[in-house]
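For reference, the structures are reproduced in the following blocks.
In the two complexes below, subunit A is the common chain; its partner is subunit B in one and subunit C in the other.
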Partner chain A sequence: MSALGGPKQTGGVQSPTAIGIVLSIVLIVVALGLAYFLVQMAGVLALVGIIIGGVLVAFGVHFVPVGGAPAAMGQSPGIATGVAMLAAGAGLAGLFGGAWAAPLGLPVALAGGAVGGGLLMAITCTMVNVIYVFGMGIPAASGKVDKDPITGDTFPEYKSQGTEGHGLPFISWVGGVIGGALGGLGGTLIYLELLDIYQAQLPVLLNATVEQIAPVAISLAGIFAVAMFLINAVLAAYNITGTIEGPHDPKFKRFPRAVVAAAVASAVAGIFAIGLLQLVGVF
Partner chain B sequence: MEEIVFGIGITALAGALATVAGAAEDTESDIGSQGDPNSQVQLAPQMGYIHRIFNKAVAGEPPAYGLWVALGAGLAWAFMAMQINPILAIVLGSALAVFVQGVYATTAYLGRTASLAKFGQPVYIDILKSMTTVTMAHAFVAIFTTVAMCHLIISALGHPFPLPLLGLVWGIALGAAGSATGNPFYGKERQYQEQKFGAGVPISASGNIVRYAEAGQRNSLDNGFFSAKLGGPASGICFGLIVFFELWRTVVFEELNIWGPIVVGVVVILIFAIIDRYIEVWARKNFGPYTAPEEASS
Partner chain C sequence: MSVKIEVGAGGIPHNRILIYGLVGSLVLIYLTYLNTYFQTEYFAFFGGLAAVAALIWGTDTIKHLCSYGLGTGVPSAGMIALGSGVIAALFGATTGIFAPIVTIVIAAIIGAVAGIMANHVVRMDIPVMIVSLIELAIVGAMTVLGLAAMACGTFEFLGMITGTVSFLGFTVQTYETSVIGGSIIAVIFMLGAIAIQHSFNACLGPGEQQDRTLMLAAECGFLSMIPVAIISFAFIGTYAALVALVISIVGWFYTYRKYIVLSKRDAYAWLDAKPILEPKGGA
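Now for the complex of A and B:
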């Protein structure tokens, strides 16, 4: 036990506690019950979609190789920016593509969102290596593993003295693309679920046609999707604490805790998004 | 067919605007020292190295640009609703957003630097006067081009998002692309210019940033001059490619098949995987393993 009474630290990897899981299940069930009470079965299905989307975002963030401030000095591998920020950039680019493809049906929109997020990360990660190699003359070297699990490249001999590695090894590049794709997929799923809810409710509430309320519904769904995306990305960033190299990093094993937290956060935040119009109606 | 040709033209224009936006964004953030390398600017006085570098990193680049571009886009949207010409509306919206950026830069510099008073770091009023306006000018270019690009995407390509929301989305993506690509060049190559080329900065050297220029003390305008040579243009190419491919795959291939943009997107990702792997192998072959310098660097 620490001085603050928290659980003992176990080298970074900490499984969700039993009480945490029970509390999470209770909160999710309450949120689902409220969704049924407010919007019947459509609300429950939408909330389940939002929870899945939120979990995908939080899980995806763990794949993104983020080196933070040390990476900007070539002191640690990864992309030199914040976890939540980079994931948000990728996920929102995915949401842009997904929302554009929304009229073409759920599978096309979801795939469009995933590819959009993956594409941003693919280009960004490649340009990071371009800068490291052609601007700074530094080859990629991981600090967490001795060998790239995909290419088999060895790293210790390429690592500069006094650093934890630098650049983006290929495994981190792949992790970045997977993370961006999962973020884009999750963000688009949240957007589409909310759009369905608003498109069903707004015409009744405002006594207008679906075409007339479309701008309002799209704006509301888009804003809530961005907000929900940021909630889950920041939660995952807290779980990672600082930097992560990608799926080969020992910190990656922390994801179960973030997945549970993201499910609860998405359920609780999602119920406000779903019940928004009922709340507006009350006032 | 004509519609596709028109779409390709708009896509090319949006990509070009995004390229300018990325370059201006990175240069602005380096002059203002807003990216992750600013940790060293904040650390230096604590290690006894007093400097004349601007210091405004109270928010990361993506949320800051999300705010400024959404603000510029929102105001432009309001002006357009008042039947003002779109170009004028975008200029006015961007100009007003830049004033918010100026207030942000001023308060951030004063606040961050004043917090270092106990380490003897002075607040230089001449730095505030000469550099804030330069970051504002670069921020205007970045915000104007991004808002103009968003307006094109909506009015010419028919994206469903309203202008302020699209501004937020692409503002955050602009900050993410600019900070990811430009930060290492500003951090390693500029702030630690005295360290050996071709190696990361040893953690023991943290805080010992370069503080002297060819004549007198180095300031952030010198840093902007340096990063505009590679970090800025590379960030521009990064953001330009992202916007171009994102639009191009939809505009050209959606007409052929609804799955077309997705297949093309996957192919583009695979092409970038090959390019990245080629660069990685090229660096390993040409640079070789790390060898310790004969003379220990400071």
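Now for the complex of A and C:
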């Protein structure tokens, strides 16, 4: 975590360029058209599910209090690691929770994913504060706002000079749990959509029963869910550039850009995942 | 709070490394096709060497990209590389003998979309962003494809999802004991991700030297080859896996020794730890 201090650290929110917007719309439409061409309506619905999942991941990342290297030295609030690492942790925990509950139906599996991701972030945030308060002896104080929007605690008295705040205020804790839950929900949604596609196509292709191909279908859906999760999380991280305290941070307002980027990236990656089995045996 | 990323000047130009890496990994991965041609499994290790060639190239790309200061840490670049790469690698693998070439094309598409999103929607506005993400996606894809080919002896999808298991003297075909069915692909994913993100993250700073960073990249690649060689005992013949393991260990040992020599060359001073000698006649 040493690459803090990006070029757009202090700049205001720059809106996407015209090329970017046009390309985004074109790419999403093309992806949806290809999905219809390859797997008909089921493909379109799956791709929409994947796009929603990717957007939830990118949106959720903005809630997570990321402190980076300065947080490790107690000089900025948040968890002392990068966005990609935290998002991967929350997403994978959510994915495990959701995948485990997959046979119980979509709502239960999605809830399982959300609880898994949220639980991981809750434990992480709590232990981070335990280490900050009892190990490093520093109180929780935000540098971006004067009062905690939920508890009403004031921060300026506790903030050390020369720092951007430190520790993990309650609002950041809440943000972390919301972010983890959204990430787990999105990751699980991608996984379930892909699992449905593969469980429908693989038995026909390989002339086998659903039980026989289950390991392959689950493994493929899982690895693609992880891959799309990481692409979206990193795009969201590029949007944040560095550290963010949670939903009260001014940088949180940048999220629409990440939502657009994640939707397009998920659509393009998703179309390759959906069309994966179309070329098997052709060559 | 920002940490300046310092990279050393000089060394081999990036474009030359790009060509060596691209052509080298492509040729080496095609050498694993000799397995299919000669009906043997002894050439599986070329997949791992292809991954090493790609990783060296990828490390130099990350060095170029991260010298702009992404604000999200070096590992995020490795994560998006492998995230895009694994989708491209598995999609490409379904095209039989064209797998490596299709993989490169698909990875370039996914990387270009991610790069355009990062520059034009998220507004990173980094000049080398699009090219770098294309390169990184190809590197990630070649790493996954190479290591997967090393584990099961082929880069074709059907070979990756089918395996055999001996039961009471009968050999039964099954989807569980395969690289994808056994989720070995997830292990390969993380082995590649760690290998690609570590080298520059460890070597950046004042006095960074290209040869030292790239030697560490090769060392990480061989280190990732060792677990894959051990995994390959489950899928390919014992002697073929043994050949791969010996090559991995010899390669790792050689690059590790070279890396230590280069580290000592660049260090101001070092202390070779020696055991404390017992004084004669007892203390």
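Heads up, the rule we're going with is that the second predicted complex is superposed on the first by the 268 of 283 C-alpha atoms of A that agree within 3 Å, B and C clash if a C-alpha of one lies under 4 Å from a C-alpha of the other, contacts with A are read in each partner's own complex, and residues count from 1 in each chain.
Definition applied: contacts are C-beta pairs under 8 Å (C-beta built on N, C-alpha and C of every residue); 3 or more make two chains touch, one makes a residue touch a chain.
Please read all numbers here as calculations on a predicted model, not as lab measurements.
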item	value
Clash-or-fit label for the pair subunit B, subunit C on subunit A	clash
Contacts of A:Tyr132 with subunit B and subunit C, given as first, second, both or neither	first
Subunit B versus subunit C as contact partner of A:Ala69, first or second or both or neither	both
Partner chain in contact with A:Ile223 - subunit B first, subunit C second, else both or neither	both
Which of subunit B and subunit C A:Ala88 touches, first, second, both or neither	both
Contacts of A:Gly112 with subunit B and subunit C, given as first, second, both or neither	first
Which of subunit B and subunit C A:Pro203 touches, first, second, both or neither	neither
Touched partner set for A:Thr241, first subunit B, second subunit C, both or neither	second
First (subunit B), second (subunit C), both or neither touched by A:Pro149	neither
When the two complexes are fitted on chain A, the stretch of subunit C hitting subunit B, from 23-31, 203-211, 239-247 or 275-283	203-211
Subunit B and subunit C contact sites that coincide on subunit A, given as residue numbers	68-70, 75, 82, 85, 88, 164, 215, 219, 222-223, 226
Contacting residues of subunit B [partner subunit A, same complex]	35-37, 39-40, 60-63, 159-162, 165-166, 168-170, 172-173, 175-177, 179-189, 191-192, 197-206, 230-231, 234-235, 237-238, 241-242, 245-246, 250, 254, 258-259, 261-262, 265-266, 268-269, 272-273, 275-277, 279-280, 282-284, 287, 289-290, 292
Complex interface listing, subunit C residues touching subunit A	1-5, 66, 68-77, 79-80, 82-84, 86-88, 90-91, 94-98, 106, 109-110, 113-114, 116-126, 157-158, 161, 174-176, 178, 180-183, 185-186, 189, 201, 204-205
Residue numbers on subunit A that touch subunit C, as the complex places them	1-9, 14-17, 19-21, 23-24, 27, 68-70, 75-76, 82-85, 88, 164, 206, 208, 212-213, 215-216, 219-220, 222-224, 226-231, 233-235, 237-242, 257-258, 260-261, 264-265, 268-269, 272-273, 275-283
Complex contacts: residues of subunit A adjacent to subunit B	68-75, 79-82, 85-86, 88-90, 92-93, 95-97, 99-102, 104-105, 108, 111-112, 115-116, 118-120, 122-141, 151, 153, 157-170, 173-174, 177, 214-215, 218-219, 222-223, 226
